[in-house]
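Same chain, two partners: chain A is paired with chain B first, then with chain C.
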Partner chain A sequence: MPARSLSLRNLVKHYGALQRAVDDVSLDVAPGEFITFLGPSGSGKTTTLMMIAGFQEPSGGSINVDGRAIGHVPPYERNIGVVFQNYALFPHMSVANNVAFPLKMRGEAKKERQVKSLEALARVGLGGFGDRYPGELSGGQQQRVALARALVFQPDLILLDEPLGALDKNLREHMQIELKRIHREVGVTMIYVTHDQTEAMTMSDRIAVFNSGKIEQVGTPLEVYFRPRTRFAASFVGDSNLIDAEFAKDDRTVRVPGFGEFTVNPGHSKRGDRVNLLIRPEMIRLRPGKSQNPSTNACDVTVESIVNYGDNLLVIGRAGERSLRIRVPSLDGKSLREGMPCVAEWDQDSIHVMAER
Partner chain B sequence: MTLVRLGAIAITIFLAAPLLVVVPMSFSTAPSLQFPPPGLWVGFYAKFFADPNWTGPLVNSIIIGIATAVLTMAVAVPASFALVRHRFPGRSAFNLLLMTPLIVPHIVMALGYYVYFGELRLLQSYLGVVLAHTCFSIPVAMLIITAALKGFDLSLERAAMSLGARPLTVFRLVTMPILAPAFVIAGLFAFVHSFDETVVSLFISGRDVATLPRQMFNSFRMEADPVISVASSLLFAAALAGVLVPAAVRSVRRTLDRRNSPLAS
Partner chain C sequence: MTMSRKPRIKTGPILLGLPAGLFLLAFFLVPLGYVTVLSFSDPSWGIANYRELFNSRLFLMTLGNTFWMAAVVTGLSLLLAYPLAYVAATSKGTLGKTILMIVALSFWTSYLVRTYAWMVILGVQGPIPALVALFGHSPPPRLLFTSFAATLGMTHGLIPFMTMALFAVMKRIDPKLMDAAGSLGARPWRVFWHIYLPLSAPGIINGITLVFITCLGFYVMPVLLGSPREQTIAGLIGDRMEQILDFGGAAAMSLVLLAASLGLFSVYSRYFGMDRLWGGRI
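On to the complex of A and B.
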């Protein structure tokens, strides 16, 4: 299937005079890429998707597919496949007729329609289901039909609006793997909207983090996880300790009220800069006891509570006014008890410094 | 538990009793209205269909019922789309206005029509009766259609559009077929309601366009002709069809869709 590029330039959507649902979004998506729009509800990710699909008119900016402006092309002429959260299968048509619908709209012969829709159904693992009706299928099966229907006409892009949101956890994980397999096999550019950060991490080539109508960061899952650009991105993706601090004397030493001083890798900060520090909970090590020689990248904490997740423990460690979230593998944390004094330590590399916003 | 169940059965029988009396009576051999029938016979049906005093009103009722259903749908479908899908000034007032015939007593409306249609020279005309019946049918049809429209998933239309269907095609292939059962039910309700309506018909239909219920009323007042039970049974059959037709339509549609399947060869 041909893979197309997508480019959004200064895209704006406002309702009335004040409310900006999408506020100056620019983004380039490479041909064949799987990109995820990640953000809380109301962050503008779905509105952006709806503008790409053509269901909403942009208030400003441009949308280009392979360099062709489509911002004012009606949705039925865009050649973009859309998969909806609630499947949106036509209940009065059989599965085969649902999948053949876009081919019929394109005036393809009956024979063609039959061959292609059978092929698309086989692709999503539903060969032999053509005679069923949507109401007779499970949620996961219906979503596969919706995907087959969006694939069958060789669209330039496929847009997926929280497609797994209505499925239960096990099925969701299974469908994530299936969706990635289909993306690999077909090679079409896919844009995936979700508020589930795990989904975004496991499936995407790149993630665009949306917050109040703007893109806060675009990057690979690992970039967004380890080097978030903003406090919001850090807190929305993964579990985090976010600590405000100030550069005390040079570009390597930060002072943290309540914790003392930490040493960080030298960057572009200078004395007096106020910053946010990110330390992921799984990067902190915990051992019972008290620190012997006070080092800069450790602190004494008291175990306040322990939450058991089976494979790991979440320990809330208290240091004076402050608390730290610490992830410990279950086996290592067997001896921990609430109220126990411990030392929390981390590597200098594990501290990520973000300019304060 | 058993007591509750017995009570429920008793109430059902009490409520259904008129039907249990009227339908067997229409097949009776007795020369007057009499229950239980001494014997079974279809003679009253033969009499009914041979007598222009009965067939005339039956045909009138059918004509008026169909015209009412068509006119009701012509108003109720666009009005329902406007009410559910668009916000406009005066929307709730418009909604309330359409619902008033449900609240105002029929006899009051009937008197109103008698005077008002008299001025307009619409008394004793098909048009007058159809207009009055339509007015009564619109609120019910609107209730059915707006409920279906509110439950209609707009992403179905979006999906169809993204798949290449132009707006009219979307309506023809997606919106219309999905809402069709509601349209059929609303239309049937309008027909049955008109077929059944007595009060307004008594006031304004007159001799030439007398409806079946009006003729029954007249006949009952004059002579208690047992043919009345035939007319009653026909009214009941019309109402029953209103319940059964939608189910039949659904099964026919599935058969058609299967035949249209790309898998069928």
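On to the complex of A and C.
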């Protein structure tokens, strides 16, 4: 299947004068890429997707597929496949007819339609289901039919709007793997909308983090996780300790009220800059006892509470007014008890510095 | 599920249904039985009343006219109510609610009031003939006491039924399906033809059945607005009783009408299921 590029330039959607659902979004998606729009509800990710699909008219900006402007082309001429959260299968048509529908609309011969829809159904693992009706299928199966229907006409892009949102956890993980497999096999450019950061992390080539109508960051899952650009991106993706701090004397020492001084890798900051520090909970080590020689990048905490997740423990450690979230592998944390004094320490490399916003 | 428990007759539901059941028995089934007996016994025992009916050109023509008028009214109601129900079911703002409110208001207004309103509007002194006269049609055409007037009035009277029947089904059509069809390459009219129309078909069938059967027995509007020369069955039955005092003949006509309605209903019930008419599952 041909892979197309997508380019959004200064895309804007506003309702009325005040409400800006999408506020100046620009993005380039490479041919064959799997990109995820990640953000909370109301962040503009779905509205952006709906504008790409053509269900909503942009208030400004442009949408290009392989250099062709499609911002004002009606949806039925866009050649973009859409997979909806609630499947949107036609209940009065058999599975085979659902999948053949886009081919019928394109005037393909009946024979051709049959061959292609069978092929698409086999691709999503539903060979032999053609004669069933959508109402007779499980949620996961319906979602596969929706995917087959979106694939069968060789679309330029496939848009997926929270497609796994209605499925239970095990099925969701299974479908994530399936989707990735199909993406690999077919090679079509896919744009995936979700508010589930785990889903975004596991599936995407790149993630675009949306917040109040803007893209806060675009990057690979690891970039977004370890080097978030903003406080929002840091807090939305993964568990986090976000600490506001100030550069005290040079470009490597920050002062944190209540914690003392930390040493960070030198960057572009200078003395007096106010910043946000990110330390991921799993980067912090915890050992019972008290710190002997007070070093930077460690602090004394009291274990306030322990939450057992099976494979790991979430420990809330308190240091005066502040608290730290610490992830400890279950086996390492067996001896921890609430109220126990501990030392929390981390590597200098584990502190990520973000300009304050 | 296989359960080997003996079916037990539950008394609760029977008790709940008893008051209405008794009422219907006393005031509907008993009189109906009386009418049936009357049709075979007045003035003398036998099937003379029925034989006379089916030998009467007037009755057969009136019967045909009644069915024809019901068909026309049903068709017109569908044509007018479909777009109305569509807008009411798909508009997001207050427009949909406003439409439903107007339909309900019309629904709640007595037929008699609406009939007299039409008499005023279509009457010789009324605004419609005056308007026609304004365009040079002289003398103004006679609109009142024609089948046109009766058809118009009945269509007006039954549009709310049709609208409600359509709306109930349309409201449950997922609007995302139209978006999906569009994204799959269907132009708006093909979205309508392949998706919306088939999905709204249960509403169409409900509406048609409801309106057609109601039309067959409609009395007030055809009698007050319609032409005396092109009567409907209901009017003919009225005349039989009030003017000729032929109760046996009138009873026989009523039963023929009832049989026709039941026949239609059984076709509907057989192919589409009774429960759907009353808003059951689709």
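As a convention for this text, the second predicted complex is superposed on the first by the 357 of 357 C-alpha atoms of A that agree within 3 Å, B and C clash if a C-alpha of one lies under 4 Å from a C-alpha of the other, contacts with A are read in each partner's own complex, and residues count from 1 in each chain.
Here is the rule we go by: a residue touches a chain if its C-beta (ideal position, glycine included) is under 8 Å from a C-beta of that chain, and two chains touch if they have at least 3 such contacts.
If you're wondering where the values come from, they're calculated on a predicted model, not measured in any experiment.
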When chain B and chain C are modelled together on chain A, clash or fit: clash
Partner chain(s) touched by A:Pro91 [first = chain B, second = chain C, both, neither]: both
Contacts of A:Phe153 with chain B and chain C, given as first, second, both or neither: both
Partner chain in contact with A:Phe101 - chain B first, chain C second, else both or neither: both
Partner chain(s) touched by A:Ala53 [first = chain B, second = chain C, both, neither]: both
Which of chain B and chain C A:Arg78 touches, first, second, both or neither: both
Touched partner set for A:Lys110, first chain B, second chain C, both or neither: first
Partner chain(s) touched by A:Asp131 [first = chain B, second = chain C, both, neither]: first
Which partner reaches more residues of chain A (counting touched residues only), chain B or chain C: B
Chain B and chain C contact sites that coincide on chain A, given as residue numbers: 53-55, 74-82, 84, 86, 88, 90-92, 101-102, 105-106, 149-150, 153
Chain A-facing residues of chain B, complex: 153, 155-156, 158-166, 169, 173-174, 177-178, 253-254, 257-258, 260-263, 265
Residues on chain A engaged by chain C in the complex (per definition of touch): 53-55, 74-82, 84, 86, 88, 90-92, 101-102, 105-106, 149-150, 153
Residues on chain A engaged by chain B in the complex (per definition of touch): 53-55, 74-82, 84, 86, 88-94, 96-97, 100-102, 105-106, 110, 113-114, 117-118, 130-131, 133, 146, 149-150, 153
Partner chain A, residues of chain C touching it in the complex: 174, 176-177, 179-188, 190, 194-195, 198-199
